[in-house]
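Sharing a structure, written as structure tokens. Questions coming.
By written order: A, B, C, D, E and F. Residues from 1 in each chain.
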Amino acid sequence: MKMVIAIIRPEKFEAVEDALAEKGYLGMTVTEVKGRGEQKGIKLQYRGTSIEVDLLPKMKLEIIVDDGHVDEVIKTICENARTGKYGDGRIFVVPVEKSVRIRTGEITE
Amino acid sequence: MNSGDIAWVMTSTALVLLMVPGVGLFYAGMVRKKNVVSMITLSIISMIIACVVWVVYGYSLSFSGDVSGFMGNLDRAFLRGVDISSGEPIPEMLFMLYQMMFAGVTLAIITSAMAERVRVSSFIFFGVLWLTFIYIPFAHWLWGNGWLSKMGALDFAGGMVVHVSSGFGALALAFLLGKRYGYGEHSIEPHSIPLTLIGLAMLWFGWFGFNGGSALQANDIAVNAIVVTFIASCFAGLTWMAVSWIKGKPGSLGIASGVIAGLASITPAAGFVDVAGAVVIGVISGILCFIALDLRIKRGIDESLDAWAIHGVGGAFGSIALGVFANPSISGYAGLMYGNANLLVSQIIAVIATITYAFAVTFVLAKITNMIIPMRVSIEEEYVGLDISQHGEVGYA
Amino acid sequence: MNSGDIAWVMTSTALVLLMVPGVGLFYAGMVRKKNVVSMITLSIISMIIACVVWVVYGYSLSFSGDVSGFMGNLDRAFLRGVDISSGEPIPEMLFMLYQMMFAGVTLAIITSAMAERVRVSSFIFFGVLWLTFIYIPFAHWLWGNGWLSKMGALDFAGGMVVHVSSGFGALALAFLLGKRYGYGEHSIEPHSIPLTLIGLAMLWFGWFGFNGGSALQANDIAVNAIVVTFIASCFAGLTWMAVSWIKGKPGSLGIASGVIAGLASITPAAGFVDVAGAVVIGVISGILCFIALDLRIKRGIDESLDAWAIHGVGGAFGSIALGVFANPSISGYAGLMYGNANLLVSQIIAVIATITYAFAVTFVLAKITNMIIPMRVSIEEEYVGLDISQHGEVGYA
Amino acid sequence: MNSGDIAWVMTSTALVLLMVPGVGLFYAGMVRKKNVVSMITLSIISMIIACVVWVVYGYSLSFSGDVSGFMGNLDRAFLRGVDISSGEPIPEMLFMLYQMMFAGVTLAIITSAMAERVRVSSFIFFGVLWLTFIYIPFAHWLWGNGWLSKMGALDFAGGMVVHVSSGFGALALAFLLGKRYGYGEHSIEPHSIPLTLIGLAMLWFGWFGFNGGSALQANDIAVNAIVVTFIASCFAGLTWMAVSWIKGKPGSLGIASGVIAGLASITPAAGFVDVAGAVVIGVISGILCFIALDLRIKRGIDESLDAWAIHGVGGAFGSIALGVFANPSISGYAGLMYGNANLLVSQIIAVIATITYAFAVTFVLAKITNMIIPMRVSIEEEYVGLDISQHGEVGYA
Amino acid sequence: MKMVIAIIRPEKFEAVEDALAEKGYLGMTVTEVKGRGEQKGIKLQYRGTSIEVDLLPKMKLEIIVDDGHVDEVIKTICENARTGKYGDGRIFVVPVEKSVRIRTGEITE
Amino acid sequence: MKMVIAIIRPEKFEAVEDALAEKGYLGMTVTEVKGRGEQKGIKLQYRGTSIEVDLLPKMKLEIIVDDGHVDEVIKTICENARTGKYGDGRIFVVPVEKSVRIRTGEITE
């Protein structure tokens, strides 16, 4: 199993959520986060000077899936979260060793 | 002069002032977190601009003399000759201040159409123009012995002066400024309904001064005004709730919108209609403004916080309705129901005139403003939010 | 008639209206985030319902004529014959509006016991019943020349009409509706104390109109009323703070509860007692309501926002206390301390009667409502929260 | 006596009360989340303490008789002999209550310097001392026929009594208490600007009662007071906005600070200056208080919420400015501009005396308090926040 | 070392927290999250139609423990977070390669 | 690649953020969390009794870096987040198997 961690634009969240549901990926955990990318955020120009807003609101999705589904999940997220502009976000995959369903106690390794 | 009347109009003045941040908070709860400061601040700035304009020339051009029915003169510029102890029925200075608050609230209402996208410097420039070329003429036309009032049109507390002007102005602005980035593509949710309801509380409360104070005395007309105002607001709130329930759930923002719709609709009529008139005006305004709001959304027009659907449509409807329901036993004016068609005709003409003028001139003023200081911020500034980009602040840490 | 009196009662009317969202916000801060919209909206709806009921028959049944001491008649239904320019000491129409606000606030207070679990449709139905069969009779009994007032019982601004009725009604509802899901098992924390304190600000402020306006004139009685009201609230706040400090820390919600307890307790007495009476009433109410609240929690009764402990117990206590402390030099009524036991007897009878009636009839009305539209939402709806399930809204995005 | 005057002062009393939580909310938005409850509660407690002190001896020592110009006597302790129906121009009992609110607001303002670090028990102790040895003398000196008023110094609504006392008191406290842990090292951001702006709304609104009510009648002076008050606030807000814009962005907190600076500055002058004077006072106060605030920050003084820079400096400036701009046609007092230098001299002496006394005596009282109950909480309590450590509450769950 | 990530009902948090403390597991990091489970949240019925509330508030606990303690932590959480109804949540175990105590700089691998 | 998870004091966040930026580590995702350490938080004394405030606000930084940079990132955080008092926080390192840039779709394994 893997944990797919996707950091996306908040305004794309609905689209991603729906697309994942359609493909059958229902389980997910969502956190409101702030992120700084490699461009150090957004530059705003003011009379000569400029300020940078470096921490921008993002949504973090954590989705645990079996190894075989990782690529489809990534593809789905990418397609629905992309605007093509800086700040679209990242997806990271982390190994998961064990998963437990609290309601039933059932364990998947 | 009478201390009771002065006490009441001073109280009313304070109540109307409270409506300014009231509008700001009402609106601010419905925008995204990143624009909460901006939305409240636009209202505060509206009041500040209105005060300066009013002191310098606004009051004079509205209420001093008359130049061919269109505007007043500059005799009272800088409040020259405005007295604290004489006036009828209250000192002129108090009347001036009371009227100043109306200018502030009106400008605050129109910020609806600029929500989450206006450049603050440009708003200030536009605000001065708008007060000068729309609010002041309207105040003169209907309250300062201008052509509409000479024609016999009535506007008790600002159905046209305040609500039609800002509502239809907002509609023009919405067309000109265009939609917020992403509007219609992803949902833009109200970030804090409690904030909006705090704003509603201030507006509901403040409206006692808005309509009640417009009698300028603590007398039977004032009593009538607050009674019909309150009753209309409740019936409109109830109606909106019922209508929206049929289509889904009775949301708090719907009920609040209904209450405001009722208040805006009864405003022009509050000194002329009786309780029965208020009930009818309330119920119809709840339905009408609901339909208007629905229509605006379906048309994809981003008049973001519905000044048009609620204030514009409500104010226009109420201004016409008073031509129907005015009960001569209140203030001596009879509407159609009491056998007089003239009033209705004047009201219709006045509404058409004010709608047309407000829409067209707002459009032109915004065009002019745009040429001097673009009204919309850049896409990056809009994305980051106006709080940071315009005010260098963050609403909630 | 006198413009000063009219000005004051119009102002007071606005102040009492502000208490309606005030109650809503006060309560809303103490529930969970998922019910914040619901809690405020219940108050707004209370006011809307009260307005409709009042216009249609409520005012008439309360204040027009008298049918065997129990209720008024329907002569003034639809406000027929209620005049804007005559009345003693203020126009009857203004009196009607002022009284309408009380009905709204009272219904808002009772929502305490339905917090986070009531179906909104059912609440509307129940609200109409409750106003009709409890609030209106009480208003008639004590203020409309009904049996209690004929017997000599006094209630200056609603100790029984408003606070006993809603407080003991809330207790009955709490028994009938049962606890919130999870109550007592896991902690249910106030989600926003600042919201509650904004509500407190509105209530404290509005109470000047509530008690001061009840004099119906801007005279010595009104002055006495606001002075003793304010002093009692501060002494009660201080006492509650002290008592809670002994047991732990002086929380803001405790101080706020003390202030409200003082306000509720002095309400029936505000036009009859002097400053010394106010201090004593304030101090005792701070202790008494603290004990009541503590008791309620220990008994595991989920009367969620303590309308009973604060309004019910406070209002009942104050109604009796006025029978002790009434100072004849204020309004001519003497209490036990001034050698007159009769007043105290009437007050005790009135308190017992109103407590019993309010508790029993609320219980019955809620039973009836339950049979027609179940008052509690389903467990899923409660879990998800009333904001989404009843209003389709999310408080904070 | 006149019902209009009574109505107006009762309304004003309520308005000033609203400023108490107004100050609390204004401040609370600017502190960190973990101290939001504390900040509002300090204001509420201020009012409660002020009420008790006022009833017991405060009113008497301020306004009853005169002991060598410094303090009043104890003849009216426990409000003995304070009447509800006699007094000039309003019942003395109403005057007493109106004045009580001022004491409460003043103590609330000074909490600025204790923000996020004061022990609540110690604050209560200090508050009683401070009212007794600073507020009450000042009220007596300027309003109770004490030495400053005998000397001819004027203070219409509390430029010195309220604003200099609390502002310079706050400065002394800031020196004595020291900085908040981490101040200057890491940024301490306002946690909720909307909360601050809700506070601003209450203050702006309430100030109508603060300055307007100080006329004690609903007359021309009251009208003048509210007009110049409002105009000064707007011009000061505008100026602050402009000045801050030059250096960066026009923040909402800046505009709000400007508005309050204008209000504090016009307070002593509101019954004496005309519109032109108000404009000048407004504009200068916007610049002056901005500079003061800037200076305070540069000096690294943690007078956290700027009672000094805004109330202290504003109140002192306005008190002197009235010596320049007082227009004899308003209340009969002429300033320098109208050829009278005496008033200016008295004002300067009064300002110097009150600044010195307020600063020095606050320092001493805080020292004394510190010896009995340390004013600062422990470092752990400060780190965790006062909401948990002092009140056992969490602002937002 | 492992990171045990538990997503539980907010109303069960106190119980879980106390139970863990009792067993000596004090260190933990807690985040307010929202989650969608495999039932797509909760269905509410309305006159014919029904709506689904799919994102429900949850608490996320992250607990770093030595490998040998993982099972006890899981057991403790399960026992205290369970209601038996849909929505009880999940536990995931992720490998941790290194742990540093900032105060002391001490590193555990 | 690794994910460096640092839990630090909120008041140290600015310093850490700046220090990381200076060293060229721009990308990061930040979450407001609450944490309980091994001391069970902070003890407050009151007339005889004492209460413990066990959950204190912290900031969680998640920084994905190549393996070779992990130590520098840890060092930078430690240096800038340290006060030497209890509650300074922890850093954990978790393996990352894959990283995707949503904007471009580019994948790093």
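Basically, contacts are C-beta pairs under 8 Å (C-beta built on N, C-alpha and C of every residue); 3 or more make two chains touch, one makes a residue touch a chain.
The structure presented is a predicted model; accordingly, all values stated were derived computationally and were not measured.
Any chain that touches chain E and also touches chain F is listed here: A. The distance from the centre of chain B to the centre of chain C, each centre being the mean of the chain's C-alpha atoms, comes to 34 Å. Centres computed as Cα averages put chain A at a distance of 19 Å from chain E. Chain centres here are Cα averages; for chain D and chain F they lie 44 Å apart. The geometric centre of chain B is 51 Å away from that of chain E, both derived from CA atoms. Residues of chain A in contact with two or more other chains: 31, 94-95.
Those residues of chain C in touch with two or more other chains are numbered 2-5, 7-8, 11, 192, 198, 249, 392. Two chains count as a pair here when they touch; such pairs are A-B, A-E, A-F, B-C, B-D, C-D, C-E, D-F, E-F.
If you check the complex, the residues on chain F that touch chain A are 1, 3, 17, 21, 26-31, 64, 94-103, 105. Of all the residues in chain B, the ones that touch chain A in their complex are 34, 182, 185-187, 378, 380-381, 383-384, 388-389, 392. Remark: chain E residues 2, 6-8, 31-40, 54-55, 58, 60, 70, 74, 77-78, 81-95 touch chain A in the complex. Chain B makes touch with chain C in their complex at residues 2-5, 7-8, 11, 15, 32-33, 189-194, 197-198, 200-201, 204-205, 208-209, 212, 217-224, 226-227, 230-231, 234-235, 237-238, 241, 248-253, 255-256, 259, 275-276, 279, 330. Residues 2-8, 10-11, 13-14, 17-18, 21-22, 24-25, 28, 36-37, 40-41, 44-45, 47-48, 51-52, 55, 78-79, 82, 84-85, 91, 93-94, 96-97, 100, 120, 192, 195, 198, 202, 387, 390-397 of chain C are the ones that touch chain B when the two sit in their complex.
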